Amino acid sequence: MTGQGDFELVGQGLACARGGRLVLDGVSFAARAGAPLVITGPNGVGKSTLLRVIAGFLDLAGGRLLFKAPSVQEEAPPAAKHIHYVGHLDGVKSALCVRDHLIFWARYMGAEPCSVDAALDAFGLTRLAALPGAVLSAGQKRRVALARLLLQERPLWLLDEPAVSLDKAARAILRRVITNHCANGGVVLVTSHESLEIPNAVDLTLSPPPQRPAT
Amino acid sequence: MDEQDSQRHMSVTQWDMQSPASSWRAFLALVRRDLRLATAQGAGGLQVVVFFAVVVTLIPFGLGPDLPLLQAIAPGLLWVALILASLLTFDRLFQADFEDGSLDGLVCGPLSLEGIVLAKACAHWLTNAAPLIAATPVLALLLNMDMGVLGFLILTFLVGTPGLTLIGALGAGLSVGVRRAGILIALLVMPLYVPVLIFAIGAIEQARRTLDAGGGLDLLEPNALFLTAASLVAGLVGVIAAAAGLRLHISG
Amino acid sequence: MGEFFHMGGYGAFVWPAYLLSAGVLAFMTATTLRAYNRHKRLLHHMEDGGPEN
Amino acid sequence: MFALANPHRFLSYSRVLTPWAGGLAAVLLLVGLVWGLAFAPPDYQMGDTVRIMFVHVPSAWMAMAAYTFMASASLASFIWRHSLADIAARAAAPLGLGFNFLALVTGALWGQPMWGTFWVWDARLTSFLVLFFFYIGYIALWEAIEDPHKAGRAAAILAIVGFINVPIVKFSVDWWNTLHQPASLIKMGAPAIHWTILTPLLIMVAAYTALFVALVLMRMRTEIFIRQIHRLQISTALDTEAPALG
C-alpha cells in the first residue's frame, strides 16, 4: 500500500523547551503511512511534549518538522486541519450525553452529522449514546475521546496514551481503527507505556536530552 | 465508514478549514455548546441575577430608605452591582475546557484562538449579562428610579457589557490554571473597568439632565460616544490579549 | 530648635510624611537585601552541598 | 541557540553598578533631606507643608517611572522573548508599588492642611489609586502562576494592556473629575517653583531614582538566583528519576 503518493511525517533534530529547560533535543524520526510510530521512554522524557510540538501547541526551539502529503508540493509542518490530537485528558463534559458530545465535535470540525453514528458504532458506544458524561467510566470516556478520530478523515493522528483505562475489547477496537487508518494511507504517532501490539509498528525511544546550558 | 473502499487514498481533507463558512459554523457550534453547558448546570444565569438582587437590595438597608437619595445614586449602584455580579462568573470561562482537555481539541478546529475567545464570550454574555440586564427594571423599582433614566441606563448596559465581558475574558485567559482565580481576575480587570464605568455614569447623568430639561435623548453626546468607544477598545484589547493568554497556557 | 520641629504649625503633617517615607524606603531596601542574601546562600548551598541537605 | 548568555554578563555588570547606585542614593538622600528640611524657605502660601513635596513628588515620579520601566521591559520580554526583561519587570513591580503607596499617603498628608480632608478625589490622586490597584494585580498574577516563564509572559500581556489603559484612565478620571467637582482645587504642583525649593526637590528625585536603580538591580540578581534554584530543583528531580529506570 505504501505507494509514493502516501503521507509522511519527518522530524529532523527536533528540540523543544518548556519552562526554560530543554525537554527535547535532537529528536529525529520518519513516520510513514501504514507504519504507526510508537513513542516510548521514561516518565518526563518528553513523549507528550513531542506530540504537542507536532500538533502545534508548542513552538519548536530547533530542528525541522515536515509533513509530506501527496497533493501538497512544498514540505511544511502539518496544519491543524491535517491533525487529530487526542491527549491524556478525554475532554468529556459531564453535562452532555455521548451523542451530543460527538454531534458538537462533528459540527465544530465541519463534519457531516451522519459520521456520528458511524463513530459511535466503531467504538461500541451506541448503547451509551444517551448517557451523560458524568455516569461514564474512565474507559468509556476514553472511547468517547477516541471516537472523535472517526468523525472526520484527517491524515495525521497524534494519540497520547490512547490505551489508558481501556479494557481488552476496547484495545482491540483501537488496534483495528489504527490499522484501518494506516491501510488508508494515514500516519499515526502513539505514545504508550505498555506495548499495544499494533502490526508493523516502528519504535522510537526517547532519552533525556544532555543538559545544554539553557540557563 | 471506509472499510469497503480500502484502496481509496486518503487525500488532504477537501474542505478548506479556514473558510468563513466553516469558521462560522464552528463558532455557532461552540456558542450553542457553551449555552447548553451553562443552562445544564442549574441555570447559571440565575445565580448571577440572585447575587445582583442581593447587592441592590442591601443598599437601602445600608443607606436608609431616603427615596430621593436612592433615586439620585441608583444608576451608579446598579452599574457597580452589575460589575460585581459579572466579576464572579469569569473564573470558569476557560478553566473548565482547559482542565478536561477539550481546549486542545478546540484549537485543532477551524476557529482561531481569538474566535474561540469570542464564541465563549458571546455564550457568557448570553448566560450572564443578558439575565442581569433583564432583571434591572425590577430592581430599579426598589431604588425608585425614573422610567426615562432607566431606559437610558439599560442602553448603557447594552453598550458597556460586551466590553466588560471581553475584559473579563482577558482576566480569565491570563489566569487559566490558577486555583481560585476569582479574586485575581477581579483585581486584574478593575483598572480596565474604571473608564467604562465613568463614561456610563456620565452618559446617564447627561441623559438625566436633558430629560429634566424636557429635551429628547441625544445619543451622540460626548459621554455616550466615549462609553461606546471605551467598550469597543476594551473588547478589541480583551479578545487579542485573552487569546494571547490562552496560547501561553496551552503551550505551558 | 523647637521652631524647627514645630514646622510653622504643620509639624503634625510634615514629620509623619518624612518618617513614613523613611520607613517604607528602609523596608524596601531591607527586604531586597534579605531576599538577595537568602537566595544567594541557598544557590551556593545547592551547587556545592548537593540537593539533599 | 537557547543560551541566555546575558544573565552572566548582567550579573557581572550589576555587581559593579549596584553599590555605586546605592552609595549615590544615600548621599543624595542625605543632601536633599538636610537641604529641604533645614534650608529651603517655607512657601508664602502653603507655609512649611511645602516640605512634604520633597517626599511626595519624588515618590509620585518614581511610581510612574517604575511603571513605564515595567511596561517597556514587559514589551521587550513579550516581543523578543527576552527572559532578562521578564526578570527586570518582576523586580521593578514591588518597588513601584512601594513608591505608589508613598505617593498616595504623602499626597493625603499634604492635602489635609490644604483641603481639610486626607483624601480628595482629585484627578491625579485618583489616577494613582487606579495605578496602585494595577500594581497589586500585576504582582498577584506573577505569584499566582508557578512556572516563572509562563508567569512572565502572562504578566507581560497584562502590563502591555495596562499601558494601553493608562491614557484612557487618565482621560476618563479627568473627565469624571470635572463632571462631579466643577470647583477647581488648588493645583498640587505650584506653577513656577522658586529655585530654592526646586533644587532640593530635584536632588530628592535623583536620590529616589538612584535608590530605585540600586534596588531593581539587586532584585534582578535575586530573581536570577531564584530561577537557577528552580532549574536545579527540576533537574535533580529528573536525574533521580531517569537513572532509576535505567
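The letters A, B, C and D name the chains in turn, as written, and every chain counts its residues from 1.
In this text, a residue touches a chain if its C-beta (ideal position, glycine included) is under 8 Å from a C-beta of that chain, and two chains touch if they have at least 3 such contacts.
In this text the structure is predicted, and so the values were computed from the model without any measurement.
Asks: State which chain is most central when centres are taken as means of Cα atoms.
Replies: Of the chains present, the most centrally placed is B.
Asks: So how far apart, in whole Å, are subunit A and subunit B when each is placed at the average of its C-alpha atoms?
Replies: Their C-alpha centroids are separated by 35 Å.
Asks: Could you work out how far the Cα centre of subunit A sits from that of subunit D, in whole Å?
Replies: It comes to 48 Å between the two C-alpha centres.
Asks: Counting in whole Å, what is the centre-to-centre distance of subunit C and subunit D, each centre being its mean C-alpha position?
Replies: Computed value for the inter-centroid distance: 15 Å.
Asks: When the centre of a chain is set as the mean of its C-alpha atoms, what distance in Å lies between subunit A and subunit C?
Replies: Computed from C-alpha means, the inter-chain centre distance equals 55 Å.
Asks: Multi-chain contacts in subunit D: which residues touch at least two other chains?
Replies: Residue numbers touching two or more other chains: 147, 150, 228.
Asks: List, in ascending order, every residue of subunit C touching at least 2 other chains.
Replies: Subunit C, residues with two or more chain partners: not present.
Asks: If a residue has to touch 2 or more other chains to count, which residues of subunit B qualify?
Replies: In subunit B, the residues touching two or more other chains are 252.
Asks: Judged by the touch rule stated earlier, which pairs of chains are there in contact?
Replies: A-B, A-D, B-D, C-D
Asks: Show which residues of subunit A lie in contact with subunit B when the two form their complex.
Replies: 3, 5-7, 18, 52, 55-59, 69-72, 79-85, 87-93, 95-96, 100, 104-105, 107-110, 115, 118, 122, 145, 148, 150, 152-155, 180, 183-186
Asks: Can you list the subunit D residues touching subunit B in their complex?
Replies: 130-131, 133-134, 136-137, 140-141, 144-145, 147, 150, 153-154, 157-158, 160-162, 164-165, 168-169, 171-173, 175-176, 179
Asks: Quick check on the complex: what are the subunit D residues that touch subunit A?
Replies: 1-4, 7-8, 83, 147-150, 227-228, 231, 234-235, 238, 241-242, 245
Asks: Please output the residues of subunit B touching subunit A within their complex, sorted ascending.
Replies: 1-3, 6, 8-13, 15, 17-18, 22, 25-26, 28-30, 32-33, 36-37, 40-41, 96-97, 99-102, 104-111, 250-252
Asks: Looking at the complex, which residues from subunit B come into contact with subunit D?
Replies: That would be residues 170, 174-175, 177-178, 181, 184, 187-188, 190-192, 194-195, 198-199, 201-202, 205, 226, 230, 233, 237, 241, 244-245, 248-249, 252 of subunit B.
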